[in-house]
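Chain naming follows the written order as A, B, C, D and E, and within any one chain the residues start at number 1.
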Amino acid sequence: MSEAIAYYPGCSGLGTSKEYDTSTRAVCAALGLSLVDIPDWSCCGSTPAHTKDHTLSAALSARNLQLVANMGMTAAATPCPSCLTNLRTANHRIEAAPFKAKVDKLLDEPYGGDVNAISVLQALVENVGLDTIKAAVRTPLKGLKVACYYGCIMNRPPELMAFDDCENPMAMDNILAALGAEVVPFPLKVECCGASYGIPRPDVTAKLSGKLLEAAVGVGADMVAVACPLCQMNLDLRQSQVNRAMGTNYRIPVPYFTQLMGVAMNIADTEIGFGKLNVDPRPVLSRALSGAD
Amino acid sequence: MRIGVFVCHCGSNIEGTVDTGIVAKTALDFPEVVFATDTMYACSEPGQDGIIQAIKDKNLTGVVVASCTPRMHEPTFRRAVERAGLNRFMFEMANIREHVSWIGKDREANTNKSVDLVRIAVEKLRRDAPLIPSKFSVNKRVMIIGGGVAGIQAALDCADGGLEVVLVERDSSIGGKMAKLDKTFPTVDCSSCILGPKMVDVAQHPNITLHAYSEVDAISGYVGNFQVQVKKKATYVDWELCTGCGACMEKCPSKKNPDVFNEKIGPCTSINIPFPQAIPKKAYIDATTCRQFVKGKCGVCAKVCPTGAIRYDMTDEIVTEDVGAIVAATGYDLFDISKIAEYGGGRYPDVITGLQYERLLSASGPTGGHIKRPSDGKEPKNIVFIQCVGSRDKSLDRPYCSGFCCMYTAKQTILTKDHIPDSQSYVFYMDIRAPGKMYDEFTRRAMEEYGARYIRGRVAMVYPKGDKLMVRGADTLAGTQVEIEADLVVLAAGAEAAKGAPQLAEKLRISYDKYGFFMESHPKLKPVETNTAGVYLAGSCQGPKDIPQSVGQGSAAAAKVLALFSKDMLESDPQISRVDIKRCVGCGKCIMTCPFKAIKEVEFRGQKKAEVIETVCQGCGICTSTCPQGAIQLSHFTDNQILAEVNALCQS
Amino acid sequence: MAAKYISREKLPEWLKALAAERRVLVPVEEGGSVVFRAYDPARAPVFGSDATAPPKGAVFPASQELFSYACGKEGEDANPTLKLEAHTEATPTVVFGSKPCGARGFLIFDRVYMGKKYPDPYYIAAREATVFVTMACDRVENTCFCHWVGSGPADAAGSDLLLTPVDGGYLVEAVSDKGAPFLDSPVLADGAGKTAEAEAVKAKAREALGEAPDIADAPKALLGLFDDLEFWRDQSDKCVSCGACTYLCPTCYCFSITDEGAGLAGKRVRSWDACMHFQFTLEASGHNPRPTKAHRLKNRVGHKFSYYPTLHDGLIACCGCGRCVKSCPVSVDIREIVQNAVAKAKA
Amino acid sequence: MSRLEELKTRIREALPGLECVIGWQQGYDALHNTPLFMRSDADVDKLTWGVLNVHNPAVYLPTMAGKKVGVVVKGCDSRSVVELLQEKLIDRDNVVIFAAGCDGVVDLTKVKAKLAAAGVSAGNAEKVATDGKTVSVTAGGQTVAMPLAEVCADKCLRCQFPNAVLADVFVGDPAPQPTPNPTGNADLDALDAMSVDDRMAFWRYHMDRCIRCYACRNACPMCVCRDHCIAQSREPHWLSQEDSVTEKLMFQVVHAMHLAGRCTECGECQRACPMDIPVLALKKHLNRTIHDLFNYQAGVDVAAIPPLLQFKLEEDNIKERGW
Amino acid sequence: MPVLTGKELRIVGFLCNWCSYGGADTAGVGRFNQPTDLRIIRVPCSGRIDPLFIAKTLIGGADGVLVSGCHPRDCHYAEGNFYARRRLEVLKRFLPILGIDPGRFDYTWVSASEGQRWQKVVTVFTEQIHALGPAPRFDAVAPELLAKIAGAIGQGGNRVAA
């Protein structure tokens, strides 16, 4: 099987979530899903742009989607739910002709409107398939208890994202189960991590993220698998902040689900990039996989 | 033609934004209009008398009334012109209230628009012809579809009125939702104790034929003469022989099936009598779980049945019932709580519906009337009730209020306290809707005497923590977030249209709203009539209703049927299609498209021609727009009439 | 009166001069057909072949308002007042460049609409206001049969001026009193030297038509076949009962009258009618004395070659232009029918 | 035995049981064929087969209902017969269909233009010869050869059915399936390329010269209202008899809409028009719509139901417009 | 009295009696303000609406035509709107080839209970027609436009008589 899809890493993919990007690329390559880089891609028009100007934000998304169209492709995958929201929102908004006209005015080349944006998670489930993933497993994650945390916007709003159940999504659960991990029933899969409050109100973020960590520990998870750079940052990088604020002492790894896929598929460590995480999952992983626990 | 135009003020309803004087004056310039006036209330007695007087004084041969919608008063004015000696079809209305005065305040534009609407009414009237209805006989039998409390009441009232009644029930017993309730609000009466006798009356009434475990398959005909095909589903038990002794249920080896009567919170056997008071008290076999059908061998019930009533080879049977009127009383179903994933219904066993809770409370329920939670059978202490689950929620396409949930939740908190004195009930609500007699007092008692804690706010999420359920919501009065550790969560699932309601409506040729509830003829004045003559509504099939409302509607529908049947002959609506035999080329396209099979092919001087069957034609006019040469014309809505209206608007 | 000459190059100048004072209709090409339209210097007239539609409409429009009416009412029960308005006056017109047969058609009209019994003011006004400048044929087509009906390629009957193509231009002759003053135009040169050449052109065209068959017995023959429906069935088998032949015929003059009302006002409209249509003789009862196309074709041919000539001194109600043959979707050939009738009568 | 001779033989055999057989013969000149109603063997001798058989003989069938008749058809004509059968306007037992493979027929308008370009008039045609690829017309003593592909009817350029879709007697070898030639859609393509306002001007320009002769209607095999067409009735009174562009165009709309889902695109409406008005484009556009919406083509299946006389509860290709 | 010049355009509605006419009534009862341009012709069923009425109205000089019937499956006569849906859709797609902007005609489904929806439909459609402006007329095509078309057809040149 060889399938190709345009790949939109998003700005965090080049920075804070580099390991998400590298692991995604490596895993997809190994699974035969060819991620084709979009030449000259730019910002998706996320937070800074769309809080200021919806037209500008949509134009930025439309620009990137048209670049995909120019590649002769009809779909793009992105690892970042925030990018995904923005790309899909733009597609939705330009269905109204007057809005599209305003957007096109800002563009060198009008957007044809027929490029679909999906998450890497969706691409892995739909374009690759669980059977293929299962077949690619070399080191089953047997014994590893994982809580899958999707974040609040991966499936919301459901009419726009049109993928999985928005209250009880299962895509990542299914993938990790395919890798051989024991997926614990995590009730707060789509709860808010505090997201952008990290800067203005770190106390709110600490509380909300703390609740997530508490629930994960409560259901016996060894680690929390995530699919969103911002969630990952709040749960991992800010874990000590959480502990300070809540009087707890968590030290639970928060890897990207693609990194765990990399482990199961024997991808090179350099691509998995565990070293970039705050809480290193490797000790927990080796303990779990060796059946020591 | 001598046309009179009457422009109604409707008090200030029209006059407020339309200069009716100018409309009347301008109407005098229209062709064949010889009289025009404005009038205060055209529909009032003096108003109607004025029309009648003018017809006589001015020798009018046709009348236009510009007032409200013809859907309201067209019959009124038709009767008025008929009293004055005109044919009642020599009358047209211009709707200058609903379509003009009430939808804008620009007096100049409204007056101008009213003039246009009068103009097209005059042009249409000029092309009207007198129509004479023909008469046909009435079959004085009535069918009631649905054996809930509304249908039971309608059936008993009709039967007591001397009519032959055919009652069709989808389940194996009548009783409907009311039979599943433990107690009723606000009297906390025993539900089955007050319903039971009525059910027995149905069984024993000589005028009532009951088809239980049956569904309406097809309906043809028209008011006075419907033919209804009823599918009697196979019960695999010969009900002539079954005595309802229950021996089969005791021995049936397939015991773990979800009990539909108990809202699937308890098990039942494959051969089953749903509850002790069932009418008819007969057993039926669920072939999807019965070992004889699933595995091909068992036959235990056949062996133990003392009367030898078991028939594994039984098949569905169609019986045809000829009736003159039909009452739809098909009730409602509950909103599927699993659609609101954040509440965990369907995912967490201890999140249940109010009706399931009703079964837990009921002495005839799966727990014998002891409240035990489904997951582990423990008695719950903290019980959270969530209101408006699938009601008043636009995002779920359920914007309407289900009406009775506030009340039954209050009742359930009271019963909970009675059952478990050391329990605590919490109720998350949006508003308390308790507008019935003694209703509000009842909810107050729940709070004040029984200590139920009412929290005004929505629940955001229910999630498990250990063996508890965490209920997180807002208390909008306190302005805080609340989180309650619950043992059991009861969702007041909203009412929605019964499954299959739209399909039945299509068979009945009645309208239904976007949620599947049947449409009444007029929301205020014709609450149990439909727009299809001879078809009436009772109970929650029209919209959520509590028991007294449903019973009242059952009686109302029965009264309508009795009034209809008080005449031996009915008049057919003469607004039907007619064939110009000279123009008809016999291509049969009208026959193909007629939804009522109201057109037949006949031979006329050796040529094929179409002919309309007067009593069958419903006057939709599909044939008229299908016939390329316009040889079949719908009376009162002919091509020339519509073209005259078009031309009047285009050329004015 | 002495003939004049005009070169092709000068023709637009003459047309412009004529158009300055009156409506000038010339044949122009429109979507593949040639139709008479008001002269527009930007559109070159097509003189080479006969127009698809003859200039019939110049005098007898396809539809024409006979009068308009308006009812007035003053308040209730007042007797309505009725205002009628009729316009018979016609626009002075020159029809320029028709073939002679196109103008000859009006001879058949004239006897109907300008007779003593039922003079038609609308027609008379239009006829008198119209001058026909026709162009003699220098070549003939397979469908031409003017010589059968007592006409020919240079027939002046019905025309006011006759142009004959000669080398470099046209010889211009006045062939009626109405036409004579037009020769005074300064654009026209002396044509004396071109007369002989013109005569040769006319003779050549006439010769190209060959001998006409003898149809003198046609009136009697057709009348004799009045009840022979099988004959007419055979002749009309392929006819599709459309109105192309009648509407394009320079001699068909039948009309229908309809009232079109809108509110209190309206108009009475006269429009071309076609005897090939079912509605032509449809009675209000639904009965139709000419129910089939056989009945109707019988009438069309019979009228032209028998009934009309019998009433009108032998004048055949056909100018032989051949449009009915050429424009018929199924090539019904009136010549063949007439000949078949004559032959059948002989047999 | 040639196809034509075999056809004649088969028709002669069948003739005794038939009221007549409809075909073609040479008309008033070499360029014009004309429909032929064969009632005797002598009539059969006149039968022709070839590029000049432009007419659709199916048009006569509904008027002969009740009589048993034969009809000779080209592929395209046979679709009209099928459509008539499908709508039960003729009786299968009463029609015998004779057919042979068709190589295409000419569009006389195109032939005339070719001749005009060569400086001769079609009105003087003397002789026509064809070899299946080329048509040679002799007129005014001059012979002009033209490739059939350049002068054939547009419908032949798009032809999908060179052989009858339904025939009782099929003589000779079936004609090969032609490759569709996009130029056969040039008329519609040109209209598609116009702005809406230009199209209005287009129809105003063309309909102005319409003479309301109804040749388009009467030559149409699917116009079965015939004598009762609403264009000429007062009850109902759809159209006035005024010579106005709106009334004339409205009739074209009536014709087109009444043909929606029934038109087999035989092109007779446009061929019959004495004023060369491109009325077929309207029907082609409508057929394209019908195909897009209902994936339907008229006149290929006797058992089909015309799409506007039926419906689906959920339409595949009709989208609800949001408000 | 004509439509109010400069203020209103000529919009004709064809509404089925049972649903949309009732929906318009419901909108009236609910006092849902609407533009005044629309004039409603009541017919029993959307199945009664011959698409030719719409063509006739538009060619006859209306600026817009709005048709509304019962929602599919909710026809008082069971099937009328199903036929209507096909016929009206065909007409809508046919209009542009005639030279009529398809935006001048729309059809929709409004039930007797949907007063607010009716208000929205009328408002949006009226705005749509005002955006398109007064309809051009076949009998008043600008001479320049006509000349342009004539020129274009002339250049095609294939239909010139000999």
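Things worth noting here:
Criterion: contacts are C-beta pairs under 8 Å (C-beta built on N, C-alpha and C of every residue); 3 or more make two chains touch, one makes a residue touch a chain.
Keep in mind that this is a model prediction, so the values were computed, not measured.
Remark: among chain pairs B-E and A-B, B-E carries the greater number of C-beta contacts.
Note: the chain lying farthest from chain E is A, by mean C-alpha position.
Centre-to-centre separation of chain A and chain B, using mean CA positions: 48 Å.
Computed centre separation for the pair chain B/chain D is 54 angstrom, with centres defined by C-alpha atoms. Work out the mean CA point of chain B and of chain C, and you get 71 Å between them. We define each chain's centre as the mean of its Cα atoms; on that basis chain A and chain D are separated by 62 Å. Residues of chain D in contact with two or more other chains: 109, 121, 123, 205, 226, 233, 238, 244, 276. Within chain A, no positions touching two or more other chains are listed.
Contact with two or more other chains is made by residues 30-33, 49, 52 of chain C. Considering their complex, residues 26, 69-72, 95, 97-100, 102-106, 108-110, 112-113, 115-117, 120, 502, 505-506, 509-514, 519, 531-532, 575, 593, 595-596, 618-622, 624-626, 634, 637, 639, 642-643, 645-647, 649-652 of chain B touch chain E.
Residues of chain B touching chain A in their complex: 340-342, 347, 461, 463-466. Here chain A touches chain B in the complex through residues 165-168, 185, 187-188, 191, 215, 218, going by the rule given at the top. Across the interface of their complex, chain C is touched by residues 20, 27-29, 32-37, 39, 55, 59-60, 109, 121, 123-125, 205-206, 208-209, 211-215, 217-219, 226-227, 232-234, 240-244, 268, 271-272, 274-278 of chain D. Within the complex, the chain E residues that touch chain B are 1-4, 7-8, 10, 12, 17-19, 21-22, 24-25, 27-29, 31-36, 39-45, 47-51, 53, 56-57, 60-62, 70-71, 73-74, 76-80, 83, 87, 111-114, 119.
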